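These are the structures in question, set out in turn.
Note that subunit A is present in both complexes that follow, paired respectively with subunit B and with subunit C.
So, the complex of A and B:
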């Protein structure tokens, strides 16, 4: 067995630093949960704009989707952290500075809101008109129809795709180390700088991310499948 | 008759872009009566039904439910103002509607479909609504299917659940939009049986249908629509037995085997 392969499989160094590395992973989870809430909320808002009857709203929604879906998350993170404060400071008249965590959540949340907007829009538009008319005929308000009839079906239909996007988002949280959010990748590079043994550290990080994503995604799929399928014949 | 008609349709017009679908339709429906609307495809009968509960907004003309105008209100100064959508939504509770495509909500069980609006719109407690829902399902002979999802029911069963859903709102009038047109002949009968029973218990019904036997045997009045107007109307014996209009005669001749 070659020396480098042996080294990469020897994860004792990773294990040695497990506390600090896992603390990093917890940070990943924080960023992920906050960014996912932002992405889903803003994404739903943008989707509702895109299907609005009034065209100015539709234009606004489309603009949102195109801007954020086509922006690389890497650049967005850097831009929000370093450029946005420079733009905002003169407008607001005081020195704006974002905590790296806040920048990370804003940047990733908005980028993924672009994807979520499209997923929501497709889901909402796939609901047959008749389901809405049946709601109206029963005296339901448009808001009730959205929350009681449309969204429960949309969530079931978009679950596989939405889950994929959450997986992408979780993996994207590793780039926040760029702006010094102390996530796991950040800790890995810190420890690497000290120990000069990158191979087991990066391998260990890759394995941990894989294990977390695989286990959680699989669990969600298994748990939701029956519930999701109940609407189909 | 001194009582206000349950439904009054007055000079109703509906235009889609350049196409005029309804050209001034007026009629009254009194409590407890069953009115069938027949006519060829494109004659405007479904549009007329959908205008009655404002699923389509009429281009002109009015619909009154027990004397209350659905599409407008009169303000303090005596001027007519279009009624806000939210209010129309609420007034529609009194008009139950059954669709050709059933339109059950697939993520809810049969009972869930039936009790949704009573809880959310009428503000009933879940317990009360469940008792009412069970009674409505029993009325359409589906008490044993309460916990099935629509995907597990046959077309006829789905349509009967849809009827139960309309009944649960305890509407003043039931509107049926070709309720059996997407069903096999066998399944058609189970739906028609339920509709007959409803008619026999005094429900007020407006039925758009191609089931001539049903129209003839169950309704108090038959209206034949042609080109957006009521071409012929009267008691079924008259419309089916001795139609005055040539078009009506032609239309009916296709159904007499």
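So, the complex of A and C:
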């Protein structure tokens, strides 16, 4: 192995910049947490629209799902960052500008809300009618039925898929570096521009993301499997 | 509407050429991912000595974000292996890498779902293992997992927007170039988003139609 090759493979450069890069990874986590709460909240709302009895709501819900499930993350991030402020400014009457972090959270949150809406809907519709009728027969209000009878069962049924989508969402947070959110990929590209040694930096980043995602995905699988078994036993 | 005509309709040549590149890179990546996924799956199931390595590769492909893989293939591979030597190649290789990991696991699920008796019946009439695989196992497994394959293709189309970052001149690249020329992002980016949404919708609808047709034609129950 030639000396230059060995030098370029040396991962110590990655280690040297660990504080900056780790701070980037924490930023990934911030984006992930905020976007996940947006996605789950709006996803639940859209799912409730889709199963509404009034058809205009159903159409609205379906439109939401079809738009956001079929939109690539990257174009949505760019659109929210560059177009949405221009559309909002005349409506609100002042000059709106989004911090890149806000754009990233809105875009990723809405894209994944499309997936969550479908997961929630499938979960809700898998509840047997009899359960709802039993609730009504006892005089429970629709809201109480939703929270006491439907949701607990839905959450259990959709947990594995919902957690998988969280893992996908975390992977998607890497693209926010493209609108200059200082996440780990952003820091890597900055350090690469200084050091001109892409191999250790990008390989290191790939390994770190792999370790995080793999560990979390494995834990998620084990936990949800065990939980399901303890419930359906 | 004047803006739409000026910024989108009059720029249609650039957008269409970008769309052509998008479709081309997705098609190449999809075919490569099918072969890569099948190879990884068969290696994992049948070559015991390499199993830890194969599982490692599959899990690496699945658990690493596509953007990170794209950067890694684009910046690191050329220096390590001297390949890929163009941005376009790096783009489809990265897209294929990610999807082949997912498809390997999909194929494995399909192959394991083929009843044992079918394989034994093949062996009983003297078919070679390769023939059993090609004539009995893979056709059934492929039909069974065809919805997942279609789904993976839509994932490739969505991820393909990222290859614009390494200057592959796809639809995303062309539209951002137009934005940088005109400084008027509203119409261009909205139109681009619309085109992508329609494209992904069409791919998934047509793919599902084709999968259902094939499954009905060859007797695996469509759901």
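Just so it is clear, the second predicted complex is superposed on the first by the 219 of 233 C-alpha atoms of A that agree within 3 Å, B and C clash if a C-alpha of one lies under 4 Å from a C-alpha of the other, contacts with A are read in each partner's own complex, and residues count from 1 in each chain.
We adopt the following convention: a contact is a pair of C-beta atoms (placed from the backbone, for glycine too) under 8 Å apart; a residue touches a chain by one contact, two chains touch by 3 or more.
None of these values were measured; they are calculated from a predicted model.
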{"item": "Comparison of subunit B and subunit C by subunit A residues contacted", "value": "C"}
{"item": "Touching partner for A:66 - first (subunit B), second (subunit C), both, neither", "value": "second"}
{"item": "Touching partner for A:130 - first (subunit B), second (subunit C), both, neither", "value": "first"}
{"item": "Touched partner set for A:148, first subunit B, second subunit C, both or neither", "value": "first"}
{"item": "Touching partner for A:107 - first (subunit B), second (subunit C), both, neither", "value": "neither"}
{"item": "Partner chain in contact with A:159 - subunit B first, subunit C second, else both or neither", "value": "neither"}
{"item": "Touched partner set for A:140, first subunit B, second subunit C, both or neither", "value": "first"}
{"item": "Residues on subunit A lying within both footprints (that of subunit B and that of subunit C)", "value": "none"}
{"item": "Contact footprint of subunit A on subunit C as seen in their complex", "value": "59-60, 63-69, 71-72, 75-76, 79-80, 154, 157-162, 165, 172, 176, 179, 185-186, 189-190, 192-193, 196-198, 200-201, 204"}
{"item": "Contacting residues of subunit A [partner subunit C, same complex]", "value": "5, 8-9, 66-67, 70-76, 78-79, 82-83, 86-87, 171-175, 177-178, 185, 188-189, 192, 198-199, 202-203, 205-206, 209-210, 213-214, 217"}
{"item": "Subunit B partner contacts - residues on subunit A that touch it in the complex", "value": "128, 130-131, 133-142, 144, 148-149, 152-153, 156, 230-233"}
{"item": "Complex interface listing, subunit B residues touching subunit A", "value": "53, 55, 85-86, 89-93, 95-97, 99, 101, 103-107, 116-117, 120-121, 149, 151-152, 162, 165-166, 169, 175"}
